[in-house]
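In this document, chain identifiers A, B, C and D correspond to the written order of the chains, with residue numbering beginning at 1 in each.
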Amino acid sequence: MNLYEYQGKALFRKYGVPTPEGFVAFKPEEIQEIKGEVVVKAQVLTGGRGKSGGVKFASTLDEAREKAREILAMEIKGHKVHAVLVEEKLKIEKEYYLSILIDRSTRSPLIMASPEGGVEIESVPDEKIFKYVVNPEIGVQPFVGRILSKKMGFSGDLAKQFTKILMNLYRLFREYDAELVEINPLVLSEGKLIAADSKVVIDTDSLYRHTDLEENAEEKTPLELEANRAGYAFVELDGDIGVIANGAGLTMATLDTLLLYGLKPRNFLDLGGTDSVDITKNAFTYVLKANPKAILVNIFGGVTKCDTVARGIIAAKKEFGIELPMVVRLSGVHEEEGRKMLEEEGIHAFGDMRHAIEKLRDIMGGS
Amino acid sequence: MSVIIDKDTRIIVQGITGHQGSFHTGEMLKFGAKVVAGVTPGKGGQKVHGVPVYDTVEEAMVQEPEATMITVPARFVKDAAFEAMYHGIRVVYILTEKVPLQDALEIVSYARTHGHVVIGPNGPGITLPGKTKMGIMPNHIFREGTVAVASRSGTLTYEIVNALTLNGYGQSVVIGLGGDRITGLNFVDVLELFEKDDDTEAIVLVGEIGGTAEEEAAEYIKKNVSKPVVAYIAGRSAPPGKRMGHAGAIITRGRGTAESKIKAFNEAGVPVAEFPWEIPQVLKKVYK
Amino acid sequence: MNLYEYQGKALFRKYGVPTPEGFVAFKPEEIQEIKGEVVVKAQVLTGGRGKSGGVKFASTLDEAREKAREILAMEIKGHKVHAVLVEEKLKIEKEYYLSILIDRSTRSPLIMASPEGGVEIESVPDEKIFKYVVNPEIGVQPFVGRILSKKMGFSGDLAKQFTKILMNLYRLFREYDAELVEINPLVLSEGKLIAADSKVVIDTDSLYRHTDLEENAEEKTPLELEANRAGYAFVELDGDIGVIANGAGLTMATLDTLLLYGLKPRNFLDLGGTDSVDITKNAFTYVLKANPKAILVNIFGGVTKCDTVARGIIAAKKEFGIELPMVVRLSGVHEEEGRKMLEEEGIHAFGDMRHAIEKLRDIMGGS
Amino acid sequence: MSVIIDKDTRIIVQGITGHQGSFHTGEMLKFGAKVVAGVTPGKGGQKVHGVPVYDTVEEAMVQEPEATMITVPARFVKDAAFEAMYHGIRVVYILTEKVPLQDALEIVSYARTHGHVVIGPNGPGITLPGKTKMGIMPNHIFREGTVAVASRSGTLTYEIVNALTLNGYGQSVVIGLGGDRITGLNFVDVLELFEKDDDTEAIVLVGEIGGTAEEEAAEYIKKNVSKPVVAYIAGRSAPPGKRMGHAGAIITRGRGTAESKIKAFNEAGVPVAEFPWEIPQVLKKVYK
């Protein structure tokens, strides 16, 4: 789960990572007072807000409210602005980059630091990005700060500040189950290193132990949210074939195959490993709300009983009055029985994926 | 030969009295696995399919288990895994999905430096047809043979194993590495085992987008694997993931996509099937 | 450093280990109000206060003040009572024992739990004490609570309470650098497990990171404290030979040897590894305050320069006007020079320990 | 032969620019030790007795060190030790005293499961006369020979080594285990090394009260040590320690006292000297 900048910075402050002074406002009137020049920043879960006019400066209260009003009315890359963060304008001497994330291939936290911050980090050449693989059994001791400080060009007090920020950020990363914590830019302002921005991604699977964090819904479409809350892995896509399959890998392979056959999927829906009539039936609710032109169901029933799945499909067809073309692939325990039940209801049923998709192609008149 | 476990490996099931634990214990027993004990706190003294249940792993150690299947709720997985490792259980297979990433990191990190093997989290387990099974793969799709399969998926693995069996390719071992971002085993780890395994003559890798495990596997195959390898990659159609944003992109630097993985495999002489059902045909080109 | 019961219980509460309701009082008047029946407990850094009358019950404010007055006036096993702890009187159904300490031989924290608490734990037979060696890389996960609960006879909610107490106690143990945390008894009272007493020993070497803890001076004699604060390892003993040596092992061996020669040491003083004139000289301050009948100095100078040590001894003799018999053993760099300097000042000096101690025995007329 | 280190072991000194670090680097070099680098943050680029100083261990790794002597203030020891181990330095000798117990516990626990050897904290180090020295033992007391010495003390070790040398007993190796309650090596660990060491023909153990390391050593000697062993125990006169109170007494159950240790050694056929200077005479009875 992505956190908004202001939420990330609240965690930074909790862990002793310095941030600019400021506050969040959901409405212009919530801005009651400003001290000196401020920056008003759109709170959206997407990058590039600067280029889109989502960051403005103000020196009076009226001006700050006016800028906030403008920004709060914006939509940036399809995301409605959620709030504005009003912060003291920093005197920026230099911008750095610092992040910690999980590196899958070493199965370890990885620290990345660069003296070239404030730009998209992909545009920084590899030799300017210093990486340190954290041994999770050792963690981030002060020596890690010394190693990176030296490379970053920090010495004396700045090296101490940097080490402290790094150690605190790592504690945050671990204790809040982060997948990513990023400070870009980490600015040098009047002798102090300050996190001028924050990007924090929390592992969704850990949210039960971070009840202080509110759920940020905005990353998903309303339909995705609805389906996810009902327990389905569901992603909207821009095609027209509704898809229900079981297992993330098989669902992905189903989408891939559709595309290779010239058919465009409308969604990704992974039923999961269950075999209940209701779970199968209810999955159709979300697929139907996406208004597809046809539906493909692809079930490789390991231990899933195919007759149960068939019953769910038939119940959906009847209950929701589905008239769309529907092709089902059913393989596994009681597969013949399941397919027979479907055929009797006029639903095309196959034992293997290839023939099911070829049938669908024929129906849709694809290539 | 054995890959991680063998036909005599004594297995316990942590969470045996749950729906999944109980059902799959039955399936594993039918497959011939030596499930010697189960553990569920508060349920000691019961039996599940004739297997004795204990309150703690410490008590279950009288059955001398070497491997455990963990199927407890996600928030208790870390506890269960460390309970098993504290008592010296060598192989820890975690069936549970949605295990917090940092928990997985701690489990895997401890395991790797203390000589334990972790399979999963969030994978279907390991099956050695004709020998044993620890996990949830459906019994009926397997046939004893010479093809080793490693996969990051669940159901898609069954799909491919089923296609192999239907086309006359039996399996020496099938391992589901697990679908999470941190797993105990990756392709390189199992390739090393497959290369050494006398029962394995050919290898199938079922990868997917995300991470660079396939690219690393391709590098490894070039240098260290003499047996024929074929692959399938799921996720060609997926839009690039947004979660890790720019920082994630720096680690992978353009790798991690389906294209990158397919290219890496091709460069390593590993043919990649376009459709899951094509695996047997592709295999036929490189292996009898 | 030993903590008083009330200090240990304050840490317990900080870590979520339940304690009885109560407060500490240094004077009877500090007791302002009591709720129901209370127990008034002497706060002393020694065991056995119960048998010495240091634990009394009261049901009214006046009574509580009276009991507090009596207890505050007591001296228990040579320790002045520091304060009283006034606590609700628990309804005790059963008493248990729980402790965590560092086990040197496994180099690990060791948990000990027994269903036979409330008595001196040495009197409990081994088979009634359940031990668990903590792997520090795993720590205390809930499963440890389950293992011990089973053995302790806890199930259901009590097992959960016990596990929580154990995990919290372990966190306290680690985060407060404890050498020992002990709850004896851990009582079962109206369905709740409550720490009715506390014994917490904090590693002295870690005190710099626990600035919230006040130093408890009472374990040491005033002279010991004074010498320790000056940087000397110093312990008062009940003999009459003042001892100054270097290195804990050599100092111990010196005391042992004196005893074997029929001489009784007045103190243990380890100079440490330094070689400055002042450090040597000042060590005599504390030895002299202990009023010995003779002084033995035993220095095996590894890299310590013996002439420097000799200068320190001579400075002490002159400055403090020492008239006592003094025998010095000096071995190491410049040892002959050092001994020569001492002899010139009329101090017996030897190159080996044996001859020095034999000389001292002759002087003292020992066996 | 070598015990933990040998004459070619490349040593670094963490804290080399401090008073102790600098002085003992000079002494070690005089003794023939290969001190190849020093580390002091902020002092990179300097030289100490001709030895190059680096800001970090990472930089010092160009000198390919295998061992480090840590002589930084107590509160920085944990950081320094993990810095060394992170970079793969095998032998970590901690000279510093007053290291917090829980820090020592973490260092030693990590080291033992990751293949590092920790000597100390709070000990005089290790000396192989004629070969090398890492630590602070005075150079002039040693003589090359066949007696291995292990001790929990500092100065008392010198006293005994000196007595050995004066009586014609040279030393193969002298190890100061460290005076703290948690140390990287205990008597059993080094007995195993001494038994295997071709250069060692007899063994001297210098113990003291507290803990049960001597009792465990006696047990180990009975079963596993063929070479003659003699011992000295300091602390016969000490009043029983009060610190750990009753709980501590449960662990030791009467062991840990000088009497218990002497009895255990005697039962294992290990003669115990009454006075430090008696060690050579006692040794003569069991070894040429």
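Keep this in mind: a residue touches a chain if its C-beta (ideal position, glycine included) is under 8 Å from a C-beta of that chain, and two chains touch if they have at least 3 such contacts.
These numbers were taken from a predicted model, which means no experiment stands behind them.
Between chain A and chain D the centroid-to-centroid distance comes to 54 Å (mean Cα coordinates, whole Å).
Chain A and chain C, compared by their mean Cα positions, are separated by 55 Å.
Taking the mean of the C-alpha atoms as each chain's centre, chain B and chain D sit 46 Å apart. The multi-chain contact residues of chain B, meaning those touching 2 or more other chains, are 110, 113-114.
Residues of chain C in contact with at least two other chains: 135, 137. Judged by the touch criterion defined above, the protein chains form a pattern that is neither an open path, a ring nor a star, and not fully connected either.
Looking at which chains touch one another, you get A-B, A-D, B-C, B-D, C-D. Across the complex, chain C is touched by residues 23, 27, 74-75, 98-103, 105-106, 108-110, 112-113, 124, 136-138, 140-141, 151-159, 162, 179, 181-183, 186, 206, 208-213, 216, 232, 234-239, 243-251, 253, 258, 274-277 of chain D. Within the complex formed with chain B, the residues of chain A that make contact are 2, 47, 99, 101-105, 107-110, 112, 120-122, 126, 129, 135-137, 174, 177, 179-180, 182, 184, 199, 201, 203, 205-206, 208-209, 237, 245-250, 252-253, 255-260, 265, 273, 300-303, 331-333, 352-354.
Looking at the complex, you find that chain B touches chain C at residues 41-42, 55-59, 76, 78-80, 82-83, 85-86, 110, 114.
Residues of chain B that touch chain D in their complex: 113-114.
The touching residues of chain A, counted against chain D in their complex, run 135, 137-138, 141-143, 146-147, 150, 155-156.
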